[in-house]
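Shared between the two complexes below is subunit A, which pairs with subunit B and subunit C, respectively.
Our next item is the complex of A and B:
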């Protein structure tokens, strides 16, 4: 019997699909199962607890606080990354001397790991040895060092550094889309007397809409899962003022070894992110 | 058959190729598996003696070059020196050892994963809180079956020995190091500016009173750097235990926090409320450096080098760095360890352990490795790592003879100068008074503090009220007690 090209193709890609299922779906399934059980290392027993782990999330004041921190961080980061991405992309889309150099500089922060970005932030903001305090003291703006990473502002600082690290992705997505917009359309819009804002709204934005959507989606997913930068910059403190859900979950799962409850938190976080992303797609792709 | 049909892969051809592939992979896999199977354990005549290796042993063992390597799991610390000792062990005892160096930050989680995966290893590091958890969970074993165990115990300081025993009084590990932690060190340069140079607090209350004096005279903006780094193990979680123990004269904390059966005994109307209320007060008064509350251990260490604090609640090995003009802004001669008096104890024990995994390569060989690192070199009878770490980093040893070793005294004198005697006396005064928390002997503590520490920090800064904070801590403790001991 001769195999059709389609069947042969399916057979040949089967190992890859199996591998993907193994490394992706299996851990997810395992984590889902963990979220319904309680693991006791002392007795080496795993007992099924139904939805008890999910119910516990409703009573957990640490988690409530972390949800608020995460929400704040995701919103701030997404807005910052999108605006920075859009602004920088519009600038480097123009033809000027040294634009290649600027493009290289713009992409550099992306080369840094999240941890390194956190350390950079710490070296700049620390109240004892931070660069920012040193500069402000030297030029006489302040006469004693400031505590930037305090309970009120630390999330904003973390968001700023994280956006700096993430913005190049936005820049290059949007820049690629910008370069597909025909020059002729701009010329015609100018002839028709369209203002800069009108040209952006009517000519540019339709071309970059999907790139912006991708940037928003990526930023949301990345920021929603960010943990290392919090760990490196503030450790989640002071108190729990900068402890997002993933960091709290990390502590529950790998610090307190509460695998069941930790998995339940992960699943709720996943549902939240998927819902948010679906919402973005709905808003940005619906037709009037 | 057309040319195109010839090129096509038929089901038969496909199955034939797949079958051949499976056979080849299977044969190769089997060959690889059996090729790497560990050889038979060394015969008793080669390994039963734990005395220094004899020539015949070396010869006998060297005739089995494929000896399964022992595995030493550890974190990064003096890597070159440790590897040197590993090589020394290999040469002296004709052994083979593989080192697995794990990231310090996630050490506990990574070791846990190894244990849960059933990996075999022969020696590992642990710090306070981890050692008994792994013992209780059945991953490591006590050392009572070791030969010469009584000799080993006799070498300990009696009070340090208690810290190394599990809840049944069995030795849980050998000493990697110990040192007092969260005890205060004073900077006389600041106290002199405040007009109270040379004075020493004898209690935490006196320390805060002196801090107020320092603050009021403007001698320091933040007179105290407490041991409040934003981490559970190694930060504010340990400072909390130290102060609770010191202030309420409860060395093992069974009267104020967790009873002998690990049941929580604290509540919103017990001593903990008073302590946390005082923490809120000192934060509000600006007596502590607020930077520490969002600092990791390394940042807390950096803060301690700034020389701006009158009191630093720290560890001996951090204090050594404070005495180093190359890295510190402090004036070494002005730095002193505050001794304990009969009024109150200071700090708590900070200890590191060599642990003996239950699932090891070979009990006798791993015992030799344990003893080589955690007790003494069987060939020379010398303490190797204990002396080396005391000299290089001021890590004290559980063995009482290390601090009287002339080489160690010389090494301490190098950085302490004429303060060496007073420092040794201060260490001796603090050792019997510092906290040795009983709760560390249960898995409850590490799991409690890993999320609970942020509550302590949140209470200190006023983000959470004292009452709510204690309620959260108690609720967490209750659920862990129930989980492990089935109580309520």
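Our next item is the complex of A and C:
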């Protein structure tokens, strides 16, 4: 009774604040410092180099390649997750026999890890034992196994599997929003002679617009930081054709031990993601 | 007629959704149940299905359809990895819940100053790309000797599960009806007493769901455990799976069997979660931010 809400709140929240500060501020601060120094990887001596690491990013052809890969991947994944989420949610929002079974099945990919999803991709796309080749051979579309994970298409395949993994979250958000749309409005719109498309645009969409934007934000964040699925499915290859910025950054750190430069890249990536997310939220709040 | 055509469209759509969702899962299980010879023969359903690969995986020889199959040579490490993650995940789940139930209750339920800042911090820590966080941890853990220990993995998993679960729980607590709690307070319960005797029992399903989410994260994590324990005796099952990358082309079935062990637990946990997931209100916390 003596404690005010704020006091009690602070006591209850304190362990959490301490933990989050410790576990997210420490590495952030450390990598910010690293991004301004050059670490000699033999002696581990550091020397301050100012913005030299950041300047280096402008002249790195591998980084440019991976920015392109990342951009392609994020756009493809965001579009796929949003469309899949919307499509599936609209279907399972209807009432029909067996809909609860469909709901149970639809969420399953969410339970699998990004890592497992990448490995699953191998078992479908592999040129010697993959299921996709086996099916295509069997129905006679092709007469010899194809190499799906080639330089031109591997990013699209990875995006497809990543979206498969991520889509249940989109479905969940959009379905929750769909259920807030009152049925009476639909009936009214139907009576007034609105077509299916008009009903979706004018009645349904205003209720789910917010959820759709959340899904777009989340898939941008997730896809922008994704690295495991690339490692598990193609390892970034062939060559560097499917190496996004985070994977390239790991290579800079753990392959060439260039800690200062690697940290500079990770900070640029972080700034980019935060800017994108802030932008989304700005649009979100302004239009609400 | 109009109703019937709508029905048909719905059923076709539902059928396509199920095929799309299950095919990837099916492909791994199918390969895990077959012999290498049948797989290379391009079968699309398991021919001569057997659990031979699972027996081999744990180090035993087995007589297969085409002759003797040797046990998996590194079965000891594989079992070690499985044991490690079976120790880590429950511990992570328990600590997460102990930290997050009070925090989630406080943020979701009480009027406190600095609420927006807290939520912003939680969301912010969720959107940091893993590479920004991992490398400093890699150095730190190596320097202080936590790399290659189970405790190190537990700590790193908590750094993800705690903000995530708090974020979900605060929305959940915030959405629970307040009348019960008010009645308990009027009857002379203290704030903590009301939380313990009234709010927590009602919040049961939400707490169960978030505990499962914490467990799933820990069970599914690859990148943190791979970097902080890969190649050591503390490596988790997922980190161990990378050692199959080299010889997948000769032993796809053995690899698939190893992968399915990881997947089965996750899928089973997810099916249990189904009962609770509808009780979670994910959208609420974000709307509080705005």
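In the analysis below, the second predicted complex is superposed on the first by the 268 of 288 C-alpha atoms of A that agree within 3 Å, B and C clash if a C-alpha of one lies under 4 Å from a C-alpha of the other, contacts with A are read in each partner's own complex, and residues count from 1 in each chain.
Keep in mind that, in the parts below, a residue touches a chain if its C-beta (ideal position, glycine included) is under 8 Å from a C-beta of that chain, and two chains touch if they have at least 3 such contacts.
As the structure is a computational prediction, the values presented were derived from the model and not from experiment.
Enquirer: Identify whether subunit B and subunit C fit side by side or clash on subunit A in the overlaid structures.
Expert: They clash.
Enquirer: Have a look at where A:241 lands relative to subunit B and subunit C in the superposition and call it first, second, both or neither.
Expert: first
Enquirer: Between subunit B (first) and subunit C (second), which does A:30 come into contact with in this model arrangement: first, second, both, or neither?
Expert: A:30: touches subunit C, not subunit B.
Enquirer: Just subunit B (first), just subunit C (second), both, or neither: which does A:46 touch?
Expert: It touches nothing on subunit B or subunit C.
Enquirer: Who does A:277 touch here: subunit B (first), subunit C (second), both, or neither?
Expert: A:277: touches subunit C, not subunit B.
Enquirer: Between subunit B and subunit C, whom does A:57 touch in the aligned arrangement: first, second, both, or neither?
Expert: A:57 sits against neither subunit B nor subunit C.
Enquirer: Who does A:104 touch here: subunit B (first), subunit C (second), both, or neither?
Expert: Touch partner of A:104: subunit C, not subunit B.
Enquirer: Have a look at where A:128 lands relative to subunit B and subunit C in the superposition and call it first, second, both or neither.
Expert: both
Enquirer: Please determine whether it is subunit B or subunit C that touches the greater number of subunit A residues.
Expert: Comparing touch counts on subunit A for subunit B and subunit C gives C.
Enquirer: Quick check on the superposed pair: does A:8 touch subunit B, subunit C, both, or neither? Answer first, second, both or neither.
Expert: So A:8 meets both subunit B and subunit C here.
Enquirer: In the combined picture, which part of subunit B sits where subunit C already is, 45-53, 225-233, 261-269 or 297-305?
Expert: 297-305
Enquirer: Enumerate the residues of subunit A that count as touching subunit B in its complex and touching subunit C in the other.
Expert: 1, 3, 8, 122, 126, 128-129, 232, 235
Enquirer: Over in the complex, which subunit B residues touch subunit A? Could you list them?
Expert: For subunit B paired with subunit A, touching residues are 5, 8-12, 14, 106, 108-109, 112, 136-138, 221, 229-232, 289-291, 293-296, 299, 302-303, 306, 443, 446-448, 450-451, 454-455, 457-461, 463-464, 468, 472, 483-484.
Enquirer: List the residues on subunit A that touch subunit B in their complex, please.
Expert: 1-3, 8, 11, 38, 40-42, 44, 61-62, 122, 126-129, 144, 147, 149-151, 154, 232-243, 248, 251-252, 254-258
Enquirer: Tell me, which parts of subunit A touch subunit C in their complex?
Expert: So the residues of subunit A in touch with subunit C come to 1, 3, 5-6, 8-10, 12-13, 15-17, 19-20, 23-24, 26-28, 30-31, 34, 87-88, 91-92, 94, 96, 98-99, 102-117, 119-124, 126, 128-131, 133-135, 137-138, 161, 164, 172-173, 176-177, 210-211, 214, 221, 224-225, 227-228, 232, 235, 246, 249-250, 253, 259, 262-263, 266-267, 269-270, 273-274, 277, 281, 284-285, 288.
Enquirer: In the complex of these two chains, what residues of subunit C are touching subunit A?
Expert: 7, 10-11, 13-14, 17-18, 20-28, 30-31, 39-40, 42-44, 99-100, 102-103, 105-107, 110-113, 118, 121-122, 124-140, 155, 158-159, 162-163, 166, 190-192, 216, 219-223, 238, 241, 245, 248-249, 252, 255-256, 259, 262-263, 266-267, 269-271, 273-274, 277, 281-283, 286-287, 289-290
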